[in-house]
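Every chain is named by a letter (A, B, C and D) in the order it is written, and numbering of its residues begins at 1.
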Amino acid sequence: MPVAEVARQMLDYYPRELNVDRGLFVRCIEACYDCAESCTQCADDCLGEESVQELTSCIRLNLDCADICAATGRVVSRQTSVDANVISAIVQACIAACRSCGDECERHAAHGMEHCRVCAEECRRCEQACQDLLPAIGGQAA
Amino acid sequence: MPVAEVARQMLDYYPRELNVDRGLFVRCIEACYDCAESCTQCADDCLGEESVQELTSCIRLNLDCADICAATGRVVSRQTSVDANVISAIVQACIAACRSCGDECERHAAHGMEHCRVCAEECRRCEQACQDLLPAIGGQAA
Amino acid sequence: MPVAEVARQMLDYYPRELNVDRGLFVRCIEACYDCAESCTQCADDCLGEESVQELTSCIRLNLDCADICAATGRVVSRQTSVDANVISAIVQACIAACRSCGDECERHAAHGMEHCRVCAEECRRCEQACQDLLPAIGGQAA
Amino acid sequence: MPVAEVARQMLDYYPRELNVDRGLFVRCIEACYDCAESCTQCADDCLGEESVQELTSCIRLNLDCADICAATGRVVSRQTSVDANVISAIVQACIAACRSCGDECERHAAHGMEHCRVCAEECRRCEQACQDLLPAIGGQAA
(Lines give C-alpha, C1' and ligand atoms only; values in the text may rest on other atoms or scores of the structure.)
Protein backbone atom coordinates (compact mmCIF):
# COMPACT_ATOMS: atom_id res chain seq x y z
CA MET A 1 0.00 0.00 0.00
CA PRO A 2 1.66 3.29 -1.05
CA VAL A 3 2.61 5.89 1.58
CA ALA A 4 -0.34 8.12 0.59
CA GLU A 5 -2.83 5.31 1.18
CA VAL A 6 -1.16 4.28 4.44
CA ALA A 7 -1.29 7.89 5.63
CA ARG A 8 -4.94 8.29 4.65
CA GLN A 9 -6.08 5.12 6.42
CA MET A 10 -4.07 5.84 9.54
CA LEU A 11 -5.54 9.35 9.75
CA ASP A 12 -9.02 7.83 9.33
CA TYR A 13 -8.37 5.50 12.27
CA TYR A 14 -6.94 8.23 14.49
CA PRO A 15 -8.97 7.76 17.69
CA ARG A 16 -9.56 11.40 18.65
CA GLU A 17 -11.50 14.03 16.74
CA LEU A 18 -9.54 15.45 13.81
CA ASN A 19 -10.62 18.81 12.47
CA VAL A 20 -8.07 18.97 9.69
CA ASP A 21 -8.14 18.84 5.91
CA ARG A 22 -6.84 15.28 5.62
CA GLY A 23 -6.10 15.61 1.91
CA LEU A 24 -3.60 18.41 2.57
CA PHE A 25 -1.85 16.37 5.25
CA VAL A 26 -1.76 13.20 3.13
CA ARG A 27 -0.32 15.05 0.13
CA CYS A 28 2.35 16.70 2.27
CA ILE A 29 3.31 13.44 3.99
CA GLU A 30 3.51 11.60 0.67
CA ALA A 31 5.55 14.37 -0.94
CA CYS A 32 8.01 14.36 1.97
CA TYR A 33 8.59 10.60 1.66
CA ASP A 34 8.86 10.73 -2.14
CA CYS A 35 11.31 13.62 -2.00
CA ALA A 36 13.37 12.03 0.77
CA GLU A 37 13.82 8.95 -1.42
CA SER A 38 14.45 10.99 -4.55
CA CYS A 39 17.21 12.98 -2.80
CA THR A 40 18.74 9.87 -1.24
CA GLN A 41 19.01 8.25 -4.64
CA CYS A 42 20.08 11.43 -6.48
CA ALA A 43 23.01 11.72 -4.05
CA ASP A 44 23.91 8.11 -4.81
CA ASP A 45 23.48 8.55 -8.56
CA CYS A 46 25.72 11.64 -8.41
CA LEU A 47 28.32 9.61 -6.48
CA GLY A 48 28.28 7.11 -9.35
CA GLU A 49 28.94 9.75 -12.03
CA GLU A 50 32.43 10.22 -13.48
CA SER A 51 31.87 13.95 -13.05
CA VAL A 52 31.24 13.61 -9.30
CA GLN A 53 33.72 16.43 -8.64
CA GLU A 54 31.24 18.87 -10.23
CA LEU A 55 28.31 17.43 -8.28
CA THR A 56 29.48 17.87 -4.70
CA SER A 57 27.14 20.81 -4.05
CA CYS A 58 24.28 18.75 -5.40
CA ILE A 59 25.15 15.77 -3.19
CA ARG A 60 25.36 17.98 -0.12
CA LEU A 61 21.98 19.59 -0.78
CA ASN A 62 20.50 16.18 -1.55
CA LEU A 63 21.64 14.87 1.83
CA ASP A 64 20.24 17.88 3.70
CA CYS A 65 16.96 17.72 1.80
CA ALA A 66 16.59 13.97 2.45
CA ASP A 67 17.16 14.45 6.18
CA ILE A 68 14.80 17.41 6.45
CA CYS A 69 12.05 15.79 4.34
CA ALA A 70 12.26 12.62 6.44
CA ALA A 71 11.89 14.58 9.68
CA THR A 72 9.07 16.67 8.22
CA GLY A 73 7.16 13.61 7.02
CA ARG A 74 7.24 12.20 10.55
CA VAL A 75 6.27 15.41 12.32
CA VAL A 76 3.38 16.13 9.94
CA SER A 77 2.16 12.54 10.40
CA ARG A 78 1.60 12.95 14.14
CA GLN A 79 -1.83 14.21 15.24
CA THR A 80 -1.53 13.84 19.01
CA SER A 81 -1.19 17.25 20.72
CA VAL A 82 -0.33 19.19 17.60
CA ASP A 83 1.94 22.18 18.20
CA ALA A 84 1.42 24.69 15.38
CA ASN A 85 4.75 26.44 16.00
CA VAL A 86 6.77 23.25 15.63
CA ILE A 87 4.95 21.96 12.56
CA SER A 88 4.99 25.33 10.89
CA ALA A 89 8.73 25.72 11.51
CA ILE A 90 9.71 22.30 10.18
CA VAL A 91 7.46 22.71 7.14
CA GLN A 92 9.17 26.06 6.46
CA ALA A 93 12.55 24.34 6.75
CA CYS A 94 11.35 21.69 4.30
CA ILE A 95 10.31 24.40 1.83
CA ALA A 96 13.77 26.00 2.10
CA ALA A 97 15.54 22.67 1.59
CA CYS A 98 13.37 21.66 -1.38
CA ARG A 99 13.83 25.06 -3.01
CA SER A 100 17.64 25.01 -2.74
CA CYS A 101 17.96 21.37 -3.74
CA GLY A 102 15.47 21.80 -6.59
CA ASP A 103 17.39 24.81 -7.92
CA GLU A 104 20.70 22.96 -7.78
CA CYS A 105 19.28 19.80 -9.41
CA GLU A 106 17.67 21.89 -12.13
CA ARG A 107 21.05 23.31 -13.11
CA HIS A 108 22.45 19.81 -13.63
CA ALA A 109 19.27 18.62 -15.35
CA ALA A 110 19.90 21.31 -17.96
CA HIS A 111 23.19 19.53 -18.70
CA GLY A 112 21.66 16.12 -19.20
CA MET A 113 21.65 14.68 -15.69
CA GLU A 114 18.37 12.77 -15.82
CA HIS A 115 18.38 11.78 -12.12
CA CYS A 116 18.72 15.46 -11.27
CA ARG A 117 15.73 16.24 -13.52
CA VAL A 118 13.56 13.70 -11.69
CA CYS A 119 14.82 14.93 -8.32
CA ALA A 120 14.18 18.58 -9.20
CA GLU A 121 10.58 17.70 -10.03
CA GLU A 122 10.10 15.88 -6.71
CA CYS A 123 11.61 18.85 -4.85
CA ARG A 124 9.17 21.23 -6.58
CA ARG A 125 6.21 18.99 -5.73
CA CYS A 126 7.27 18.70 -2.11
CA GLU A 127 7.84 22.45 -1.82
CA GLN A 128 4.32 23.02 -3.20
CA ALA A 129 2.68 20.42 -0.94
CA CYS A 130 4.37 22.08 2.05
CA GLN A 131 3.24 25.55 0.91
CA ASP A 132 -0.32 24.24 0.53
CA LEU A 133 -0.29 22.82 4.06
CA LEU A 134 1.00 25.98 5.76
CA PRO A 135 -2.30 27.94 5.92
CA ALA A 136 -4.06 24.86 7.34
CA ILE A 137 -1.61 24.72 10.25
CA GLY A 138 -1.65 28.42 10.98
CA GLY A 139 1.58 29.29 9.19
CA GLN A 140 2.32 31.87 6.51
CA ALA A 141 3.59 31.20 3.01
CA ALA A 142 7.38 31.07 2.98
CA MET B 1 5.28 10.36 -8.01
CA PRO B 2 5.04 7.50 -5.46
CA VAL B 3 8.18 6.16 -3.78
CA ALA B 4 8.13 3.01 -5.95
CA GLU B 5 8.15 5.05 -9.16
CA VAL B 6 10.83 7.42 -7.84
CA ALA B 7 12.98 4.43 -6.90
CA ARG B 8 12.51 2.75 -10.27
CA GLN B 9 13.41 5.86 -12.29
CA MET B 10 16.41 6.69 -10.14
CA LEU B 11 17.72 3.12 -10.51
CA ASP B 12 17.22 3.42 -14.27
CA TYR B 13 19.30 6.60 -14.31
CA TYR B 14 22.05 5.16 -12.12
CA PRO B 15 25.17 5.96 -14.20
CA ARG B 16 27.17 2.75 -13.67
CA GLU B 17 26.26 -0.76 -14.76
CA LEU B 18 23.67 -2.36 -12.47
CA ASN B 19 23.44 -6.14 -12.52
CA VAL B 20 20.59 -6.38 -10.07
CA ASP B 21 16.94 -7.39 -10.22
CA ARG B 22 15.56 -3.87 -10.02
CA GLY B 23 12.05 -5.06 -9.26
CA LEU B 24 13.21 -6.72 -6.03
CA PHE B 25 15.03 -3.58 -4.93
CA VAL B 26 12.13 -1.29 -5.80
CA ARG B 27 9.64 -3.45 -3.90
CA CYS B 28 11.90 -3.58 -0.83
CA ILE B 29 12.53 0.18 -0.88
CA GLU B 30 8.82 0.92 -1.26
CA ALA B 31 7.88 -1.51 1.50
CA CYS B 32 10.42 0.06 3.87
CA TYR B 33 9.03 3.55 3.31
CA ASP B 34 5.40 2.38 3.58
CA CYS B 35 6.12 0.47 6.78
CA ALA B 36 8.13 3.34 8.30
CA GLU B 37 5.13 5.63 7.80
CA SER B 38 2.66 3.00 8.99
CA CYS B 39 4.62 2.48 12.22
CA THR B 40 5.11 6.22 12.78
CA GLN B 41 1.37 6.75 12.54
CA CYS B 42 0.41 3.63 14.48
CA ALA B 43 2.53 4.88 17.39
CA ASP B 44 0.71 8.21 17.18
CA ASP B 45 -2.72 6.57 16.87
CA CYS B 46 -1.90 4.43 19.93
CA LEU B 47 -0.87 7.59 21.82
CA GLY B 48 -4.31 9.01 21.04
CA GLU B 49 -6.19 5.98 22.41
CA GLU B 50 -7.78 6.10 25.88
CA SER B 51 -6.26 2.66 26.45
CA VAL B 52 -2.72 3.92 25.78
CA GLN B 53 -1.54 2.23 28.98
CA GLU B 54 -2.12 -1.17 27.32
CA LEU B 55 -0.41 -0.10 24.12
CA THR B 56 3.03 0.89 25.38
CA SER B 57 4.69 -2.27 24.01
CA CYS B 58 3.09 -1.58 20.66
CA ILE B 59 4.29 2.03 20.63
CA ARG B 60 7.81 0.99 21.51
CA LEU B 61 7.96 -1.63 18.75
CA ASN B 62 6.40 0.84 16.31
CA LEU B 63 9.16 3.36 17.05
CA ASP B 64 11.90 0.77 16.61
CA CYS B 65 10.36 -0.56 13.43
CA ALA B 66 9.96 2.95 11.96
CA ASP B 67 13.62 3.78 12.69
CA ILE B 68 14.92 0.49 11.29
CA CYS B 69 12.71 0.57 8.17
CA ALA B 70 13.80 4.15 7.45
CA ALA B 71 17.48 3.22 7.70
CA THR B 72 16.94 0.08 5.60
CA GLY B 73 15.11 1.99 2.87
CA ARG B 74 18.07 4.34 2.56
CA VAL B 75 20.76 1.67 2.59
CA VAL B 76 18.95 -0.50 0.02
CA SER B 77 18.50 2.56 -2.21
CA ARG B 78 22.24 3.13 -2.58
CA GLN B 79 23.98 1.36 -5.47
CA THR B 80 27.46 2.88 -5.28
CA SER B 81 30.01 0.38 -3.94
CA VAL B 82 27.49 -2.07 -2.57
CA ASP B 83 28.68 -3.99 0.51
CA ALA B 84 26.74 -7.28 0.72
CA ASN B 85 27.51 -7.74 4.43
CA VAL B 86 26.08 -4.39 5.42
CA ILE B 87 22.95 -4.61 3.26
CA SER B 88 22.28 -8.18 4.29
CA ALA B 89 22.63 -7.31 7.98
CA ILE B 90 20.32 -4.30 7.90
CA VAL B 91 17.74 -6.21 5.84
CA GLN B 92 17.87 -8.98 8.46
CA ALA B 93 17.34 -6.38 11.19
CA CYS B 94 14.38 -5.02 9.24
CA ILE B 95 12.89 -8.51 9.04
CA ALA B 96 13.26 -8.93 12.81
CA ALA B 97 11.68 -5.54 13.52
CA CYS B 98 8.76 -6.10 11.12
CA ARG B 99 8.13 -9.55 12.57
CA SER B 100 8.00 -8.37 16.19
CA CYS B 101 6.00 -5.25 15.42
CA GLY B 102 3.63 -7.19 13.14
CA ASP B 103 3.01 -9.78 15.87
CA GLU B 104 2.32 -7.13 18.47
CA CYS B 105 0.03 -5.12 16.18
CA GLU B 106 -1.85 -8.29 15.23
CA ARG B 107 -2.70 -8.92 18.88
CA HIS B 108 -4.30 -5.48 19.18
CA ALA B 109 -6.00 -5.80 15.78
CA ALA B 110 -7.80 -8.85 17.16
CA HIS B 111 -9.29 -6.51 19.77
CA GLY B 112 -10.59 -3.99 17.29
CA MET B 113 -7.64 -1.65 16.89
CA GLU B 114 -7.99 -0.85 13.19
CA HIS B 115 -4.74 1.15 12.92
CA CYS B 116 -2.92 -1.87 14.35
CA ARG B 117 -4.56 -4.07 11.69
CA VAL B 118 -3.34 -1.84 8.88
CA CYS B 119 0.12 -1.60 10.47
CA ALA B 120 0.36 -5.37 10.93
CA GLU B 121 -0.35 -5.82 7.22
CA GLU B 122 2.36 -3.32 6.26
CA CYS B 123 4.83 -5.06 8.59
CA ARG B 124 4.06 -8.43 6.94
CA ARG B 125 4.52 -6.95 3.46
CA CYS B 126 7.80 -5.33 4.42
CA GLU B 127 9.07 -8.51 6.06
CA GLN B 128 8.24 -10.41 2.87
CA ALA B 129 9.83 -7.85 0.55
CA CYS B 130 12.99 -8.00 2.67
CA GLN B 131 12.99 -11.83 2.61
CA ASP B 132 12.59 -11.74 -1.18
CA LEU B 133 15.55 -9.39 -1.55
CA LEU B 134 17.94 -11.41 0.63
CA PRO B 135 18.95 -14.08 -1.95
CA ALA B 136 19.61 -11.34 -4.54
CA ILE B 137 22.12 -9.66 -2.22
CA GLY B 138 23.84 -12.84 -1.15
CA GLY B 139 22.07 -13.26 2.17
CA GLN B 140 20.17 -16.19 3.63
CA ALA B 141 16.52 -16.25 4.61
CA ALA B 142 16.10 -15.06 8.21
CA MET C 1 35.52 10.29 21.82
CA PRO C 2 32.44 12.41 22.64
CA VAL C 3 30.40 13.99 19.84
CA ALA C 4 31.85 17.45 20.59
CA GLU C 5 35.43 16.20 20.19
CA VAL C 6 34.54 14.22 17.04
CA ALA C 7 32.90 17.32 15.57
CA ARG C 8 35.86 19.56 16.44
CA GLN C 9 38.45 17.22 14.91
CA MET C 10 36.41 16.61 11.78
CA LEU C 11 35.98 20.35 11.26
CA ASP C 12 39.75 20.78 11.73
CA TYR C 13 40.37 18.19 9.00
CA TYR C 14 37.83 19.68 6.59
CA PRO C 15 39.92 20.03 3.42
CA ARG C 16 38.65 23.38 2.13
CA GLU C 17 39.01 26.77 3.78
CA LEU C 18 36.54 27.27 6.63
CA ASN C 19 35.80 30.84 7.67
CA VAL C 20 33.46 29.95 10.48
CA ASP C 21 33.51 30.16 14.26
CA ARG C 22 34.10 26.46 14.86
CA GLY C 23 33.22 26.68 18.54
CA LEU C 24 29.68 27.81 17.71
CA PHE C 25 29.22 24.97 15.25
CA VAL C 26 30.65 22.36 17.61
CA ARG C 27 28.43 23.49 20.48
CA CYS C 28 25.34 23.45 18.27
CA ILE C 29 26.14 19.99 16.85
CA GLU C 30 26.81 18.58 20.31
CA ALA C 31 23.63 20.11 21.73
CA CYS C 32 21.56 18.64 18.89
CA TYR C 33 22.89 15.14 19.51
CA ASP C 34 22.51 15.42 23.29
CA CYS C 35 18.96 16.72 22.98
CA ALA C 36 18.01 14.09 20.38
CA GLU C 37 19.08 11.39 22.82
CA SER C 38 17.47 13.10 25.80
CA CYS C 39 14.13 13.33 23.95
CA THR C 40 14.35 9.74 22.67
CA GLN C 41 14.83 8.49 26.21
CA CYS C 42 12.32 10.86 27.80
CA ALA C 43 9.66 9.48 25.43
CA ASP C 44 10.63 5.98 26.50
CA ASP C 45 10.71 6.87 30.18
CA CYS C 46 7.25 8.44 29.83
CA LEU C 47 6.04 5.23 28.13
CA GLY C 48 7.21 3.30 31.19
CA GLU C 49 5.29 5.50 33.65
CA GLU C 50 2.00 4.32 35.14
CA SER C 51 0.65 7.79 34.39
CA VAL C 52 1.46 7.49 30.67
CA GLN C 53 -2.08 8.68 29.85
CA GLU C 54 -1.14 12.13 31.16
CA LEU C 55 2.15 12.17 29.30
CA THR C 56 1.00 11.69 25.71
CA SER C 57 1.61 15.34 24.77
CA CYS C 58 5.08 15.07 26.24
CA ILE C 59 5.84 11.88 24.28
CA ARG C 60 4.63 13.44 21.05
CA LEU C 61 6.76 16.56 21.50
CA ASN C 62 9.72 14.39 22.53
CA LEU C 63 9.44 12.42 19.29
CA ASP C 64 9.21 15.56 17.15
CA CYS C 65 12.10 17.19 18.98
CA ALA C 66 14.29 14.07 18.63
CA ASP C 67 13.63 13.90 14.87
CA ILE C 68 14.25 17.61 14.32
CA CYS C 69 17.37 17.74 16.51
CA ALA C 70 18.80 14.71 14.68
CA ALA C 71 18.23 16.32 11.27
CA THR C 72 19.62 19.64 12.50
CA GLY C 73 22.76 18.01 13.91
CA ARG C 74 23.47 16.47 10.51
CA VAL C 75 22.77 19.59 8.45
CA VAL C 76 24.88 21.82 10.72
CA SER C 77 27.72 19.28 10.51
CA ARG C 78 28.09 19.60 6.74
CA GLN C 79 30.48 22.29 5.47
CA THR C 80 30.48 21.53 1.74
CA SER C 81 28.55 24.18 -0.23
CA VAL C 82 26.78 25.69 2.76
CA ASP C 83 23.34 27.10 1.96
CA ALA C 84 22.50 29.76 4.54
CA ASN C 85 18.76 29.59 3.86
CA VAL C 86 18.56 25.86 4.52
CA ILE C 87 20.72 25.88 7.65
CA SER C 88 18.98 28.92 9.05
CA ALA C 89 15.54 27.38 8.49
CA ILE C 90 16.34 24.03 10.11
CA VAL C 91 18.05 25.75 13.05
CA GLN C 92 14.89 27.87 13.49
CA ALA C 93 12.80 24.68 13.43
CA CYS C 94 15.10 23.18 16.05
CA ILE C 95 14.62 26.24 18.26
CA ALA C 96 10.83 25.91 17.95
CA ALA C 97 10.91 22.18 18.76
CA CYS C 98 13.24 22.62 21.75
CA ARG C 99 11.13 25.47 23.10
CA SER C 100 7.85 23.54 22.93
CA CYS C 101 9.32 20.32 24.22
CA GLY C 102 11.21 22.13 26.96
CA ASP C 103 8.04 23.92 28.10
CA GLU C 104 6.09 20.67 28.19
CA CYS C 105 8.83 18.76 30.03
CA GLU C 106 9.15 21.59 32.54
CA ARG C 107 5.48 21.23 33.47
CA HIS C 108 5.98 17.55 34.30
CA ALA C 109 9.31 18.22 36.03
CA ALA C 110 7.38 20.45 38.45
CA HIS C 111 5.36 17.35 39.39
CA GLY C 112 8.37 15.18 40.14
CA MET C 113 9.16 13.67 36.74
CA GLU C 114 12.94 13.65 36.96
CA HIS C 115 13.49 12.48 33.36
CA CYS C 116 11.41 15.44 32.23
CA ARG C 117 13.58 17.76 34.33
CA VAL C 118 16.76 16.47 32.67
CA CYS C 119 15.13 16.65 29.24
CA ALA C 120 13.88 20.20 29.81
CA GLU C 121 17.42 21.27 30.64
CA GLU C 122 18.80 19.66 27.47
CA CYS C 123 16.07 21.35 25.41
CA ARG C 124 16.99 24.75 26.89
CA ARG C 125 20.68 24.19 26.16
CA CYS C 126 19.97 23.13 22.60
CA GLU C 127 17.66 26.07 22.01
CA GLN C 128 20.40 28.41 23.27
CA ALA C 129 23.14 26.77 21.19
CA CYS C 130 20.93 27.15 18.10
CA GLN C 131 20.19 30.80 18.94
CA ASP C 132 23.91 31.45 19.34
CA LEU C 133 24.67 29.92 15.94
CA LEU C 134 22.02 31.88 14.02
CA PRO C 135 23.95 35.18 13.64
CA ALA C 136 27.02 33.26 12.43
CA ILE C 137 25.04 31.69 9.60
CA GLY C 138 23.26 34.87 8.57
CA GLY C 139 19.99 34.15 10.35
CA GLN C 140 18.02 36.27 12.81
CA ALA C 141 17.17 35.33 16.38
CA ALA C 142 13.91 33.37 16.53
CA MET D 1 25.70 17.32 29.12
CA PRO D 2 27.37 14.77 26.77
CA VAL D 3 25.32 11.92 25.28
CA ALA D 4 26.86 9.39 27.69
CA GLU D 5 25.79 11.40 30.73
CA VAL D 6 22.31 12.04 29.29
CA ALA D 7 21.92 8.32 28.62
CA ARG D 8 23.08 7.38 32.11
CA GLN D 9 20.74 9.77 33.89
CA MET D 10 17.76 8.85 31.74
CA LEU D 11 18.36 5.14 32.43
CA ASP D 12 18.58 5.95 36.16
CA TYR D 13 15.20 7.68 35.98
CA TYR D 14 13.55 4.90 33.98
CA PRO D 15 10.41 4.23 36.04
CA ARG D 16 10.24 0.43 35.82
CA GLU D 17 12.75 -2.07 37.16
CA LEU D 18 15.84 -2.39 34.97
CA ASN D 19 17.89 -5.53 35.31
CA VAL D 20 20.54 -4.55 32.83
CA ASP D 21 24.21 -3.62 32.97
CA ARG D 22 23.69 0.11 32.46
CA GLY D 23 27.35 0.74 31.71
CA LEU D 24 27.20 -1.53 28.65
CA PHE D 25 24.10 0.21 27.35
CA VAL D 26 25.49 3.69 27.97
CA ARG D 27 28.76 2.88 26.20
CA CYS D 28 26.92 1.42 23.21
CA ILE D 29 24.52 4.37 22.95
CA GLU D 30 27.37 6.87 23.21
CA ALA D 31 29.46 4.99 20.63
CA CYS D 32 26.53 4.92 18.20
CA TYR D 33 26.01 8.67 18.44
CA ASP D 34 29.75 9.42 18.19
CA CYS D 35 30.13 7.16 15.18
CA ALA D 36 27.01 8.52 13.48
CA GLU D 37 28.48 12.02 13.71
CA SER D 38 31.94 10.87 12.70
CA CYS D 39 30.56 9.19 9.56
CA THR D 40 28.31 12.14 8.71
CA GLN D 41 31.30 14.48 8.82
CA CYS D 42 33.72 12.07 7.13
CA ALA D 43 31.31 11.88 4.16
CA ASP D 44 31.25 15.68 4.07
CA ASP D 45 35.03 15.98 4.45
CA CYS D 46 35.44 13.46 1.59
CA LEU D 47 33.03 15.54 -0.53
CA GLY D 48 35.30 18.54 0.07
CA GLU D 49 38.46 16.73 -1.11
CA GLU D 50 39.87 17.33 -4.61
CA SER D 51 40.25 13.57 -4.87
CA VAL D 52 36.54 12.96 -4.21
CA GLN D 53 36.40 10.65 -7.26
CA GLU D 54 38.55 8.13 -5.33
CA LEU D 55 36.46 8.46 -2.18
CA THR D 56 33.01 7.53 -3.46
CA SER D 57 33.08 4.09 -1.80
CA CYS D 58 34.07 5.75 1.45
CA ILE D 59 31.25 8.29 1.22
CA ARG D 60 28.71 5.58 0.50
CA LEU D 61 29.81 3.46 3.46
CA ASN D 62 29.90 6.56 5.65
CA LEU D 63 26.29 7.34 4.78
CA ASP D 64 25.16 3.77 5.47
CA CYS D 65 27.08 3.64 8.73
CA ALA D 66 25.67 7.00 9.89
CA ASP D 67 22.10 5.86 9.19
CA ILE D 68 22.54 2.47 10.87
CA CYS D 69 24.38 3.88 13.92
CA ALA D 70 21.65 6.51 14.38
CA ALA D 71 18.91 3.87 14.28
CA THR D 72 20.87 1.59 16.61
CA GLY D 73 21.47 4.35 19.13
CA ARG D 74 17.74 4.97 19.32
CA VAL D 75 16.71 1.33 19.56
CA VAL D 76 19.30 0.54 22.26
CA SER D 77 18.13 3.60 24.22
CA ARG D 78 14.59 2.29 24.64
CA GLN D 79 13.89 0.13 27.70
CA THR D 80 10.12 -0.27 27.46
CA SER D 81 9.15 -3.80 26.38
CA VAL D 82 12.59 -4.82 25.15
CA ASP D 83 12.55 -7.32 22.28
CA ALA D 84 15.86 -9.21 22.27
CA ASN D 85 15.51 -10.29 18.64
CA VAL D 86 15.10 -6.75 17.35
CA ILE D 87 17.89 -5.24 19.46
CA SER D 88 20.24 -8.10 18.70
CA ALA D 89 19.59 -7.81 14.95
CA ILE D 90 20.13 -4.06 14.74
CA VAL D 91 23.26 -4.28 16.91
CA GLN D 92 24.58 -6.96 14.51
CA ALA D 93 23.81 -4.67 11.57
CA CYS D 94 25.68 -1.87 13.34
CA ILE D 95 28.70 -4.15 13.79
CA ALA D 96 28.65 -5.00 10.07
CA ALA D 97 28.38 -1.33 9.06
CA CYS D 98 31.15 -0.20 11.43
CA ARG D 99 33.44 -2.99 10.26
CA SER D 100 33.03 -2.19 6.56
CA CYS D 101 33.23 1.55 7.04
CA GLY D 102 36.18 1.22 9.41
CA ASP D 103 38.05 -0.96 6.88
CA GLU D 104 37.43 1.49 4.06
CA CYS D 105 38.38 4.54 6.14
CA GLU D 106 41.55 2.79 7.30
CA ARG D 107 42.68 2.38 3.68
CA HIS D 108 42.39 6.12 3.09
CA ALA D 109 43.94 6.95 6.46
CA ALA D 110 47.03 5.08 5.30
CA HIS D 111 47.26 7.62 2.47
CA GLY D 112 47.09 10.65 4.71
CA MET D 113 43.34 11.27 4.99
CA GLU D 114 43.20 12.42 8.60
CA HIS D 115 39.39 12.57 8.76
CA CYS D 116 39.31 8.94 7.64
CA ARG D 117 41.76 8.06 10.42
CA VAL D 118 39.53 9.63 13.07
CA CYS D 119 36.46 8.01 11.54
CA ALA D 120 38.11 4.57 11.38
CA GLU D 121 38.87 4.83 15.11
CA GLU D 122 35.26 5.75 15.92
CA CYS D 123 34.02 2.83 13.79
CA ARG D 124 36.30 0.43 15.69
CA ARG D 125 35.10 1.76 19.04
CA CYS D 126 31.47 1.49 18.03
CA GLU D 127 31.95 -2.03 16.68
CA GLN D 128 33.55 -3.02 20.00
CA ALA D 129 30.85 -1.38 22.13
CA CYS D 130 28.22 -3.25 20.09
CA GLN D 131 30.10 -6.54 20.46
CA ASP D 132 30.32 -5.97 24.22
CA LEU D 133 26.59 -5.37 24.48
CA LEU D 134 25.54 -8.48 22.51
CA PRO D 135 25.93 -11.06 25.31
CA ALA D 136 23.95 -8.82 27.68
CA ILE D 137 20.99 -8.79 25.29
CA GLY D 138 21.07 -12.48 24.52
CA GLY D 139 22.89 -12.23 21.20
CA GLN D 140 26.03 -13.96 19.96
CA ALA D 141 29.27 -12.28 18.91
CA ALA D 142 29.12 -11.34 15.21
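The rule is short, and it goes like this: contacts are C-beta pairs under 8 Å (C-beta built on N, C-alpha and C of every residue); 3 or more make two chains touch, one makes a residue touch a chain.
For clarity, every value in this text was computed on a predicted model and none was experimentally measured.
A.B. asks: Suppose you list every residue number at the chain A-chain D interface; are over half of them used by both chains (same) or under half (different)?
C.D. replies: Mostly the same residues form this interface, as more than half of the numbers used are common to both chains.
A.B. asks: What is the chain whose Cα centre is as far as it gets from that of chain D?
C.D. replies: Between chain D and every other chain, the largest centroid distance is to A.
A.B. asks: Contact counts by the stated rule: is the higher one at B-C or A-C?
C.D. replies: The greater number of contacts lies at A-C.
A.B. asks: CA centre of chain A versus CA centre of chain C: separation in Å?
C.D. replies: Spacing between the chain centres: roughly 21 Å.
A.B. asks: Taking each chain's centre as the mean of its CA atoms, how far is chain B from chain C in angstrom?
C.D. replies: Measuring from centre to centre gives 27 Å for this pair.
A.B. asks: If I count partner chains per residue in chain B, which residues reach a count of at least 2?
C.D. replies: In chain B, residues 44, 47-48, 50, 56, 59-60, 63, 70, 74, 78, 80 touch at least two other chains, as defined above.
A.B. asks: Which of the residues in chain C come into contact with chain D in the complex?
C.D. replies: 1-4, 6-7, 9-11, 13-16, 29-30, 33-34, 37-38, 40-42, 44-45, 47-50, 66, 70, 73-74, 77-80, 114-115, 118-119, 121-122, 125
A.B. asks: What residues of chain D sit close enough to touch chain B in their complex?
C.D. replies: 56-57, 59-61, 63-65, 67-68, 70-71, 74-75, 78, 80-81, 83, 85-86, 88-90, 92-93, 95-97, 99-100
A.B. asks: Spell out the part of chain D that touches chain A in their complex, as residue ranges.
C.D. replies: Residues 43-44, 47-48, 50, 52-53, 56, 59-60, 63 of chain D touch chain A in their complex.
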